[in-house]
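Chain lettering (A, B, C and D) follows the sequence in which the chains are written, and residue indices restart at 1 in each chain.
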Amino acid sequence: MANISAVIARIEDSGFKVHLSEGEERTIIGVIGDGRPIERGQLERMPDVERCVPILESFKLASRNFKPAGTTFPIGDHQVGSNQLVLMAGPCSVEDRSQIIETAHAVKEAGAHILRGGAFKPRSSPYSFQGLGEDGLRYLAEAREQTGLPIVTEVMEPGLVELVAEYADILQIGARNMQNYALLHAVGKSQHPVLLKRGMSSLMEEWLMSAEYILSHGNTRVMLCERGIRTFERYTRNTFDINAIPVIKQMSHLPIIADPSHATGKWEYVAAAAKASVAAGADGLIIEVHPHPDQALSDGAQSLKPKRFADLVTEMKAIAEAIGRTLP
Amino acid sequence: MANISAVIARIEDSGFKVHLSEGEERTIIGVIGDGRPIERGQLERMPDVERCVPILESFKLASRNFKPAGTTFPIGDHQVGSNQLVLMAGPCSVEDRSQIIETAHAVKEAGAHILRGGAFKPRSSPYSFQGLGEDGLRYLAEAREQTGLPIVTEVMEPGLVELVAEYADILQIGARNMQNYALLHAVGKSQHPVLLKRGMSSLMEEWLMSAEYILSHGNTRVMLCERGIRTFERYTRNTFDINAIPVIKQMSHLPIIADPSHATGKWEYVAAAAKASVAAGADGLIIEVHPHPDQALSDGAQSLKPKRFADLVTEMKAIAEAIGRTLP
Amino acid sequence: MANISAVIARIEDSGFKVHLSEGEERTIIGVIGDGRPIERGQLERMPDVERCVPILESFKLASRNFKPAGTTFPIGDHQVGSNQLVLMAGPCSVEDRSQIIETAHAVKEAGAHILRGGAFKPRSSPYSFQGLGEDGLRYLAEAREQTGLPIVTEVMEPGLVELVAEYADILQIGARNMQNYALLHAVGKSQHPVLLKRGMSSLMEEWLMSAEYILSHGNTRVMLCERGIRTFERYTRNTFDINAIPVIKQMSHLPIIADPSHATGKWEYVAAAAKASVAAGADGLIIEVHPHPDQALSDGAQSLKPKRFADLVTEMKAIAEAIGRTLP
Amino acid sequence: MANISAVIARIEDSGFKVHLSEGEERTIIGVIGDGRPIERGQLERMPDVERCVPILESFKLASRNFKPAGTTFPIGDHQVGSNQLVLMAGPCSVEDRSQIIETAHAVKEAGAHILRGGAFKPRSSPYSFQGLGEDGLRYLAEAREQTGLPIVTEVMEPGLVELVAEYADILQIGARNMQNYALLHAVGKSQHPVLLKRGMSSLMEEWLMSAEYILSHGNTRVMLCERGIRTFERYTRNTFDINAIPVIKQMSHLPIIADPSHATGKWEYVAAAAKASVAAGADGLIIEVHPHPDQALSDGAQSLKPKRFADLVTEMKAIAEAIGRTLP
């Protein structure tokens, strides 16, 4: 009893109200407040406290309640988050000028709206190809000039946000950086749209809290990108958490993009995962396409050739229409 | 060198041939044989052996190579594994006579081909509802008589295979029993089609090896059922491994059925997961439907009401047609 | 408001009391009762219900509250659950008469109290060695006769509990069968002590509920065995969840045994994991020992040779004493 | 055959040699070279290539082979990596001047050699306490002045490495930043010892490759810190991968430090995990200690009070001696 009183006193001292439900074996102490966060660890460390269950989500600006109609914004000719799906495609890395320009034309012709390509590459090994850096950005800009396709490319450190934003239309935050808060802060201050990939082992709640970092620094144009999570299964590179698509649509107002290339890791499975994403309600896709995957400097195994990509676009269009959306 | 010779001698003594590739830092010893298994642990326990990498799969009868055209077989009017999707639906548990008969009529009208319903229920807690047992089987049989729908229901122990097979058209092996070898043996001796659910944390290779147990005991009519795997994500009951659909289609000739109800655990997400399954190439679905989910004795949270199920069938039909299949 | 009233009515109709805490954005409805389970899915399926959080554990007989002093019982000369650690050792499988008898003498000499050895073996592949069956049991009994060591061996199906119990002193339930409820039921009716291995992906709560199945059928002599869980890490066979040792000691009164052989899967790491188990507070260990691991028909890679096992026993004794326990 | 020739030609064109082993159903093509990396994805994308299995590890400088005797270096009076264990302790966050100074004296008296404390804090939510920043560093420096304890503290972005290094003796890379390559690069250029925490879902191989980033930029004083991985288990905050201790000792020459506070997430389990770490062969520990855990601004639930920490040190000393090491 003294311990219960102590917990109540602590909660009230912190400016919250208390609601008490005494059960046969446990007492439930409801904490009622104005949405300010409370440090759970403090309460859990008090005597006789078994656990502390959060009732409200920890994100506000990213929550569906905050904007029930859903977020939409334009990129190029496209309204992301609308009934029209957006399609991003291109190679994993920009490898040289002709590769990215050839690919840009190919994916445009096949129906893509946005060109992807990495200039700065996060690689597990320091000995792997690390990307062309600013040269890569220049080639991307040239590809945009020739095709009209806006550019999405990854930025890996706060100090490079300004440089990348000079060239790119969309700033991509990679899975490994989903909780790189300095970087989230930096892109939050930018006014470029952001593609925020889910971390390899991130709870959906943590992913939305990372989006909250960006939103709370003033940038409202955030797209979430499901790219597979790490599980025990070894046959595919990642496990595509397709459930994330309806869950995010319910929990948040932000558009959700699927990345079937990383989510499977093998080109043979990309088409199935891509079609599934459309059927599940994704607002768009980002797909790796390479004219010569067996010469790719990264992710060759999961890249589609342009012809196969074009066939997939046709199939995805049919599915989009079957569920009342379009892939223009 | 002496250690390498010892490994070679051991392999040759076991009747296999050896191919040697000497690298700068490691030597690769290829083991070449007729497909008999070799006990990896023995080799890995010899001095200087770092690891033992299997090149061939451990399953043969379940392998796509064994039957490249794919397995199809009839259940009721339906040819499972054909271009026509098969749809199984019904409550998690048979709760009483009128519940299962009401549901059977409702799912038939909505377009289901097979009625599901549990008579013997695996429950984590010994204090939860454990199913009606043989009474449940009788009610299922009566529902079949009234509607013409064949029955799929779970069998949980070898001693009950005969009893369940008297009533059921398809024997379901639940996720918890995927590696219950005595049970796999028993259904392998039966001539009833089997629906083999993937274990909660089973590699796809282990799942196919469990199918191999059934096939190798003489029963060739096995369907694999992806029902979600256990991961760190907590927002959904399981993580639906949609990648499993194209992977299984490539690795095996057996039909693959999706269970979006268990794969999500919440009715709000079932429709998205079901539509994704169709788009990804599943050969069929099994979906929980209950006329009064808020009174269900198990799995109420993930059960659809009949009206919503009927709407979903319409949407799935459209997607099936968009990819050149049908849901008759 | 109507929806809240409906939930309250439903709870009260089921014979529970309700405590209401109205927050700014959510209402918390406490369900207060006598410990009978409530079907969460039903409530979660009602309109406007977001989720249902259990406050009490689902197990009672297995709970530490049920028997605060902890369970101890004799096996051979040993009091399991006491301050003295119990040590089980022997080969993965009984392979022939001389192998098990040689090993029994060796582990006894090194300090083991109980002999392990599998006669019925659960194997992922139908083509792997499946154990010697009843012959294996006979050899185990002969080894016991010669050495005085009690026997622990696995039983894999309800129909064999009686046979295995004729020969064995302790019935082992393997990881794959942790939720084989017919088997739990059958060993619950037996009066033999049970070693219940944790399932490969079982929550600790589920493991305790499986123990509850055994306890609630009348058998109170249950030991829990942590043998590693399945995670994304691939370098070891399993991930040893050493946290389970203090957690189980806190949540339950049942003795906890560690299996460092399966928990690592490689003999090089067994000693470290075994010593860690003693330091963390395990009540005993079960360790695979084989006189010729490179000829073992199963699990050779993780088996210790008798000499190394004897050295490990010496090290474990020192650690046991350092924490105020003994390994007699 | 044509496809096999194509693969061989590609490998040889890249400057590697080939060793061919033709089996009954598969052909194994060994790639033999000088240790330069090869892009696996390229080969896997060629026709008829099933998979590409790396034989050598991707790290060199971090490998045990590179420095078989193991790395040791001094920090304060201590030789990290020697037979003497190193003990780091202190609060999760520096909260104010008196808190860190009080804790520094307490942990020193209890036997700690190094003071931990976060000035820049990575927090999932943008609304949680983010640390005192440079003020926190100043208070840490003052605590060092008073107690003589060297300081370990986290650095979260490349731009702050210089600032943090002005105050700190050891730079900590947090779990969320294990693959923040710009940051690894920056601390690699520094000459401060680095404590590299394992990522929440990082393979041990990836962790060592992150160490390789630091080593290859010229900083050889790297300590690895196991702090628990993310799994399906929910009862503890993380799953302590104690296997990592012997695995890292075998694969790498770098010292391995255990963090039982994050690895469990609840103070009740910290002592068991800490003692297990010592028994498993860790070279040191880092433990959260707070004089008033129920007022901690972060991680209160997993922090020990000074008295309990002092008792734990006594127990760890006894275990260290039992295995022939010391905790001075």
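Operating definition for what follows: a contact is a pair of C-beta atoms (placed from the backbone, for glycine too) under 8 Å apart; a residue touches a chain by one contact, two chains touch by 3 or more.
This structure is a prediction, so every number in the text was calculated from the model and none was measured.
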item: Third chains touching both chain D and chain A; value: B, C
item: Chain pair with the higher count of C-beta pairs in contact (C-D, B-D); value: C-D
item: Euclidean distance of C-alpha centroids - chain B vs chain C, Å; value: 27
item: Geometric centre distance via CA averages, chain D-chain C, whole Å; value: 31
item: Centre-to-centre distance between chain D and chain B (centres being mean Cα positions), rounded to whole Å; value: 40
item: Multi-partner residues of chain B (each touching 2 or more other chains); value: 201, 230-232, 234
item: Chain D partner contacts - residues on chain C that touch it in the complex; value: 201, 203-205, 229, 231-236, 239-243, 245-247, 250, 263-264, 268-269, 271-273, 275-281, 315, 318-319, 321-323
item: Complex contacts: residues of chain D adjacent to chain B; value: 19-26, 28, 30, 32-35, 53, 55-56, 201, 230-232, 234
item: Residues on chain C engaged by chain B in the complex (per definition of touch); value: 10, 36-37, 39-46, 58-59, 122-129, 156-159, 176-177, 179-183, 200-201, 206, 209-210, 212-213, 216, 230, 266-267, 293-303
